[in-house]
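Before I ask anything, here is the structure I am working with.
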Amino acid sequence: MFKDPEARIVGKESWGDYFLLTFDSPAVSALARPGQFLMIKVSDEPYPLLRRPLGIHSRKDKTLGVFFKVAGIGTALLARKTPGETLDLLGPLGKGFNIDPCLAGKPVLAVGGGRGIAPLYFLAWELRALGASIKILYGGRTQADLPLADKLRAEGFDFACSTDDGTVGRRGLVTELMEDEIKAGGGSPPALVCACGPDPMLQAVALIARDKRLPAELSLESRMGCGFGACWGCVQRIRRDGKAEWIKICEDGPVFPAESVVWEKESP
Amino acid sequence: MFKDPEARIVGKESWGDYFLLTFDSPAVSALARPGQFLMIKVSDEPYPLLRRPLGIHSRKDKTLGVFFKVAGIGTALLARKTPGETLDLLGPLGKGFNIDPCLAGKPVLAVGGGRGIAPLYFLAWELRALGASIKILYGGRTQADLPLADKLRAEGFDFACSTDDGTVGRRGLVTELMEDEIKAGGGSPPALVCACGPDPMLQAVALIARDKRLPAELSLESRMGCGFGACWGCVQRIRRDGKAEWIKICEDGPVFPAESVVWEKESP
Amino acid sequence: MSDLSVDLGFLKLKNPILAASGTFGYGLEFEPFLDLNRLGGFVVKGLYYGPREGNPPPRLVETPSGLINAIGLQGIGVEAFIAKVLPKLQALDTAVIVNVCGASEEEYVRVVEALDAEEGIAACEINISCPNVNKDGACPAFSPESTRAVVREVKRASRRPVIVKLSPNVTNIVEIALAAQEAGADAIALVNTFLAMAIDVETRRPKLGNVLGGLSGPAIKPIALRMVYQVASRVKVPVIGMGGIWSGADVLEFMIAGARAVQVGTANLVDPDACLRILGEVEDFCRRKGIERLEDIIATVKT
Amino acid sequence: MSDLSVDLGFLKLKNPILAASGTFGYGLEFEPFLDLNRLGGFVVKGLYYGPREGNPPPRLVETPSGLINAIGLQGIGVEAFIAKVLPKLQALDTAVIVNVCGASEEEYVRVVEALDAEEGIAACEINISCPNVNKDGACPAFSPESTRAVVREVKRASRRPVIVKLSPNVTNIVEIALAAQEAGADAIALVNTFLAMAIDVETRRPKLGNVLGGLSGPAIKPIALRMVYQVASRVKVPVIGMGGIWSGADVLEFMIAGARAVQVGTANLVDPDACLRILGEVEDFCRRKGIERLEDIIATVKT
């Protein structure tokens, strides 16, 4: 956990509202694990006030990448940054996915909704390096929400996608794709399901996993004040030792075992 | 008085902390007079909150120019704008210099301190067009504060300058240069002195003008809320009909006859 | 087209957007920038009986997402207003509200009485909450007793509806609002500015000639909204909400919290056509959400 | 090198920069980012006697130049603090201050008594001003009587210096500060957060699980500074100023207004090393201005 006030941006790609920034950050990169995230400063002034949390999307030598969708003022400011400029970031933060070495040779399913693909890409590379047989399911509202599809395919990942409107891939939800996939897998169910995306999607993933008795890890989101455990602003209800508590997502998460997450009926 | 929300920037020059932006704003340009100013939006967000007042520096057909020194966050943001982007501005605001047609053929002295040169450049062009014989005195702390010197000379203006440190021109204050100039002029004192610059300089100009019985017009600065007379935030003590009152600089100024300005002992 | 009109009981407004006192001059300053008749209405700059000098400059300091002002209610006084300004306002087809100031109960009454003889004024807004007049920022809206006293006298003297404008610089805003209602206020407007200060560290002098001033703008919106919510859920008279409104969404927040109308202040200084931009954003929201009558959203916050 | 130390009477600080309660965890969370021993000190997260659940999320909303929080003082309670955290803090060479909470006078006393037996605590800061606990944001710091009552009991029970932390949500901050002083407060800290609210216009729900929360950050600085100025010019005990401090210049503003020390809150969340950056800026200022003893600038505002 470091502050790198001057991570130099070395690359930028964009697809509509989606952006990929890569930057040199040797110290943070050396420690980064899939599922961990960064808190990135979006302004030198106290407006917008807070850093923005973004998952670590990729690592290559000393270089890290973030992949994000413009959601408001903070991500919009970030999207204006160009190579040569620097980012001020804290990281790597949180605990990330539980990558057990004995996943080698086993099937793993990574399920990403929209910008939720961000941390799964890093995860997929690491799992592949480990020798796991990873399959990526990537869903969005429409084709424009799947900007990484071509890349994933080109890089040889086993890959399927879905869109709500059917413009590409299976028409429907990515969780329906997930059910198809498990059904098709037949005798060899995934040894682990890793998912990141909007809450309703994660809730559906958790249900399917429970139903099929699959171990699943979910990467959650929440409003973050600090990102490193100091403010207690980011809590989610998590069940531990049978007791549900408000647990800090930034410190103990953002990835939690699916069965430990207690979903509120409606988020207020 | 208009709002032009989309004045397209067509040119940019810079010299250290000093910037010149030119932009198309046909409606505002058509009405602009020397000494008038613009209120320019520096951010789309409520931080920094207020527009920034800048004098009209130049006009050429439908194009206006502002010349400014980076003084803080607002001018720093403005300095980052590039040709192709647009400015949101209100203008032309205020009353400007009193350019009497009978100044034709007569000597006029324009005295500018630092960024105070900004409105005097526009004034000089208009007076020259009118046939007045304008001489520009341009002072600053050091050579770097006189970025327009070469241009003024190249454009054939009668011109002298001073710096506090003597790096270029007369060593000393621009008001000392002004006294020299008046002395040298001998029998033909200026028919009008126009000045813009920091308060102490304007105060000195006012004293010299009173002493030598020269009509003088001073362009004042103050913190502005609106720039168009609505908030009463920008007042300066002005004597009118023998009575000193708080007068709005943005509406009745920013240019006032030197003898009408009541100087506070110290500005708080 | 959604119906944007709102009914204050004593006054029906075309739409809920009023321009706030002190940030809209006498209205006419804005004619180059917008059609005044499209506003719900506007509140003119605070008027004492006689003309007032106001405070020494500097009168303004910008702060993060905020503005501190210490104008000190410089103005022409009610007689000059009636003679020179009001005739021009009478030609308008929008609600003109006069912001009434006074150094004493008697002065409030004198101003209201002078206005009573005139036409073309929709209501008086009694400013018992200006922080820029007394040295320590104190004002009648600091206590229920003095609130009640001023409002009662003004109500007795005025034939017009009386809107009472409250200060946010109090412990219990509900108690003050209830006092104003009890004394006969036809509506409650809140908030006026927050008593504030800034110091120039180079000179060690206050950045305002008056030392203290009033903070407005987006910085204060979350506090203002809280107060409007608290008051609206306790009083029966209509509440006019304000404080940092910068967008249509801000207007909707205040209305959902319980305001029947809103005032836009500091935003007018930055964008003289802010009220109409904001009105457009409210319209777009209603269209997008299929809201037929804007009034239906008032006080619908789901807590 | 200028002398940056400040003397609170009961406690000498290396420098005036303290990290504020609730924004600095239990201190240890910041060790990866800065050397805690370089701080003037820090105030740990508010402690009740027992562990507390805190409020349902969302607990944070960002606003223009501000942050509303409604954490609701989730925490481990004083026993776990003493057992698990305090031993690590005792190894530090900086002033560790404990922020004490209570649902009743008795609870404040119990917490203070539990801490009294321990070493390595420089002072207790009595939090009588948290807006996130009662439904309407009310707290003891809303009235001189309840302030006096809590402070008196705590002073009686504690062998340690007692700093009393006030709420800005009051009409007359000086009156509350005087009450705290009279009841024995060794220092006054102000301000806690401003009671605030935000509404999601799409869902019409409050953006905070707790409905109301407390506003902090640069947005509130001008109001906080005004209150520190008012209080410092009236009380005899040292004043610890805070609210929106983001830079060295902000620290100097508070000190020139009369604060002997300051606390940095929200800035720590954005920049875990904010306190040291700010300290560096204060040092630079002293060097540039030739100030030998930082204490010399306290309460030097020229009004």
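Here the chain labels run A, B, C and D in written order, and each chain numbers its own residues starting at 1.
Keep in mind that, in the parts below, a residue touches a chain if its C-beta (ideal position, glycine included) is under 8 Å from a C-beta of that chain, and two chains touch if they have at least 3 such contacts.
Just so we're clear, the structure is a prediction, and the values are computed from it rather than from any experiment.
Asks: Which chains, if any, touch chain B and chain D both?
Replies: Touching chain B as well as chain D, we find A, C.
Asks: Determine the set of chains touching chain A that also touch chain B.
Replies: A chain counts here if it touches both chain A and chain B, which gives C, D.
Asks: Does A-C or A-D have the larger number of C-beta pairs in contact?
Replies: Comparing A-C with A-D, the pair joined by more C-beta contacts is A-D.
Asks: Which chain has its C-alpha centroid at the greatest distance from the C-alpha centroid of chain D?
Replies: Comparing chain centres, B lies farthest from chain D.
Asks: Would you mind pulling out the distance in Å between where the CA atoms of chain A average out and where those of chain C do?
Replies: The separation of the two C-alpha centroids amounts to 47 Å.
Asks: If you average the CA atoms of chain B and of chain C, how far apart do the two points sit, in angstrom?
Replies: The answer is 36 Å.
Asks: If you average the CA atoms of chain C and of chain D, how many Å lie between those two points?
Replies: Result: the chain centres lie 34 Å from each other.
Asks: Any chance you could list the residues of chain D touching two or more other chains?
Replies: 61, 64-66, 205-206, 217-218, 246
Asks: Two or more other chains touching the same residue: where does that happen in chain B?
Replies: Residues 45-47 of chain B touch two or more partner chains.
Asks: Classify the inter-chain contact topology: is it line, ring, star, complete, or other?
Replies: Contact pattern: complete, every chain touching every other.
Asks: Going by the contact rule set out above, which residues of chain D touch chain B in the complex?
Replies: Those residues of chain D that touch chain B are 64-65.
Asks: Taking the complex as given, what residues does chain C use to touch chain B?
Replies: Interface residues on chain C, with respect to chain B: 22-25, 29-30, 32-33, 45, 53-54, 56-62, 64-67, 69, 71, 74-75, 205-206, 208-209, 217-218, 246, 266, 268-273.
Asks: Please output the residues of chain A touching chain B within their complex, sorted ascending.
Replies: Chain A residues touching chain B: 45-47, 73.
Asks: In the complex formed with chain D, which residues of chain C make contact?
Replies: Against chain D, chain C makes touches at 61, 63-66, 68, 136-137, 142-143, 169-172, 194-199, 201, 203-206, 211-212, 215, 217-223, 225-226, 229-230, 244, 246, 249, 252-253, 256-257, 285, 297, 300-303.
Asks: Touching chain C in the complex: which residues of chain B?
Replies: 1-3, 41, 46-51, 90, 222-226, 228-236, 245-246, 264, 267-268
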